[in-house]
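Both complexes shown next keep chain A, but they swap its partner, so chain B is in the first and chain C is in the second.
Take a look at the complex of A and B:
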């Protein structure tokens, strides 16, 4: 079964499967929920700390509620649950679409969390051995490494603003949205400055001095890893068939 | 002497494991300060952690921090910010706006002050901290010293009753350290309390602050 000792390429395949299907499922909330449940089982097997993961998802709840309401408003369908004159505000179809988007977002977070059980070096090596150019693989790993730092910087900026006597929670939505754009700005500038400094530092240490890179650390696919890959592909085929063939259940029922 | 008193009682604070500082623990049994105090000590002794606890940025697992007689556990950061100012060690983290004038005026506007009045106050602060010449510059391209002064000016404009300054003299030249000391002394004379977190003994002496030494998360002079 899957464990952190599994070759990262198997997990890449698994994450590609989850995220691709997450994008392709466009209306079926039940299928998306099923996919999410499946991804949770795999992440538990991989040793992802589910409690911390739920903590992160909890912080996104406000955004999810907002997306749900926006989808209800802009893509109304089904039964009208709340209306202002002739304008539908909340519809059953809209809520379903909102929930679908929220579940999709959670699925992507879980997919990303699955990769975090591996050290950055193993992920880069996996990407390189999958024929991705080293520079790109390295860029991705740097991106992942800086995510917590940027999150901390945004949090610090918000704290600093509140310490100037601004009650963010009491601000009107329009002002609050404007405020968030202010908070993004220092993080964006800081990321550009850090990228520039990091690039200079890497050049100074001879990054890309030679056209070919060799690596002491390499990944080897074992027979078990290949079997797991086949298992993931088979699962992808079955799940896709069940999800997209709407006559599947009718067919099963008729056989029974 | 400031009428604003900060008291810490039976405080225990540990960082969560994710900060990878799980062995560090800040322990303060009883600490009271008003007027101008300085916390000094080697790197990692807990000075910044103490400052953040005093400003309510970090919340202790055990124990309390009081402003006069009010336990700050019941106050939101916004409510704390109406009484206490905080200068971060890295000034870039507390500068949001693209222009210095806007940086100072924006929180005032968010608190309901009319735009013209807020801009007027901001211009006054820029003048006071010798930043008028860069009021139309882009904040993110300012030097560290200019950012430091801008961050201090932005915090000062809120007229806090107490000000926690984490390494305020980093990036300031001798003349500007003197200007900062003079400004802080004027505000102190007006009743503002100050907590300096610093390695700069010269500045601490200039301020005439009561010095408290920290080591390994504890006060060693207590």
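Take a look at the complex of A and C:
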């Protein structure tokens, strides 16, 4: 089965499958929930720290509530569960859409988390060996690296403010938003400066000097990895067939 | 032929010129130490020598910077990487790989050095900077001085003809500095050209000439 020793290209294939299907499922909440359950099983096998992941996912509840209310108000469908006069506030269609959007986002987060069990070098090498230009592979990897760095810088700036006596948590929302906007620009400038310095260092060490480059670290697909890839493709075919062929269950029932 | 030749260099970032009409020649095998107060343009000069100004860093530049007789602006990235190695001030923004080993391999891979040779050079460079035990460690876990040693190893692995050191030993402890100074002395004896910037007096021991800006 899958484990962190599996070639990252197998996991790329798996993540592509989950994300593509996550986009293609437009209304079927049950299918999305099934897909999510499947992705959770695979991520557990890969050693993704699910408990930590759930902590982040909790924040998506706000998005789910927002989508539910907006969908109920602007495009009401299904049974009206709550209304203000003639204006629907909560509908069953709205709830379904809110849940679907939340499940889709969770699916994407889990897909991304599956890749985090590998070091960036392994992911870059996998992309390069999948014939992606190495410049692009590095760009993706370094771009991802800057996201937590940016968050850390923002946090550092907030801590510095708190040390000067500003109690950010006690500020009113409006003032707090104003504060964030003041901090955002210098943090952004600092991140851009760091990115520039990194680019200079990379260029001086010959990055993009030649159209090709050698690799000290290479990935080798084993027979088992190929078998896993075939397994993922087969699973993708079956799940897609079951999801999109609405007559499938009726067909099974008629056969039985 | 001179390894580095700066002819009437003027650099202006927009408000006022940082360097005005500065000329310098560094013969092959010479080690020149640039000294001066903060903001006097020492680092800017190194950036001009390696072509980052005006290539990547925007500035109005007058004059010419020649490396072994060729204008640095006419050199492509590969030629520049083989001729010049630069260690910048801040090690944090020069390390971006998952492991120390990858960090040293990065430049060598860019220059299409065969993998076996890369392995040998990694071992050699890590021994040289005294970081052999950290080969598979993440650079994020290292101290400032250790990071500087890794950056230096990554640059030295490329075996450039000219070595530019911008306060490259500033965060190292005394013992590490001693070991690396010994190695820099050896490199100088072997004919490596060096242009160094430092506030410390420690690099004076290996400098063949000192220029106060």
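Keep this in mind: the second predicted complex is superposed on the first by the 214 of 256 C-alpha atoms of A that agree within 3 Å, B and C clash if a C-alpha of one lies under 4 Å from a C-alpha of the other, contacts with A are read in each partner's own complex, and residues count from 1 in each chain.
Here, a residue touches a chain if its C-beta (ideal position, glycine included) is under 8 Å from a C-beta of that chain, and two chains touch if they have at least 3 such contacts.
Everything quoted here is computed from the prediction, not taken from an experiment.
Once the two complexes are overlaid on the shared chain, A:209 sits against chain C while remaining clear of chain B.
In the superposition on chain A, A:234 makes contact with neither chain B nor chain C. When the two structures are aligned on the shared chain, A:175 is found in touch with chain B, with no touch to chain C.
Shared-chain residue A:196: touches chain C; no touch with chain B. In the superposed model, A:161 makes contact with chain B only, not with chain C. Of the two partner chains placed by superposition, A:226 touches none, neither chain B nor chain C. Taken together, the two complexes place no residue of chain A in contact with both chain B and chain C. Chain B contributes residues 55, 57, 76-82, 84-86, 88, 92-98, 106-107, 110-111, 140, 154-155, 158 to its touches with chain A in the complex. Residues 153, 156-157, 159-171, 175, 179, 182-183, 185-186, 189-190, 193 of chain A touch chain B in their complex. Residues 50, 52, 56-57, 76-78, 80-82, 84-86, 88, 90, 92-94, 96-99, 101-102, 105-115, 118-119, 122, 154-155, 158 of chain C are the ones touching chain A in the complex. Contacts from chain A toward chain C in the complex involve residues 119-121, 142, 145, 194, 196-210, 212-218.
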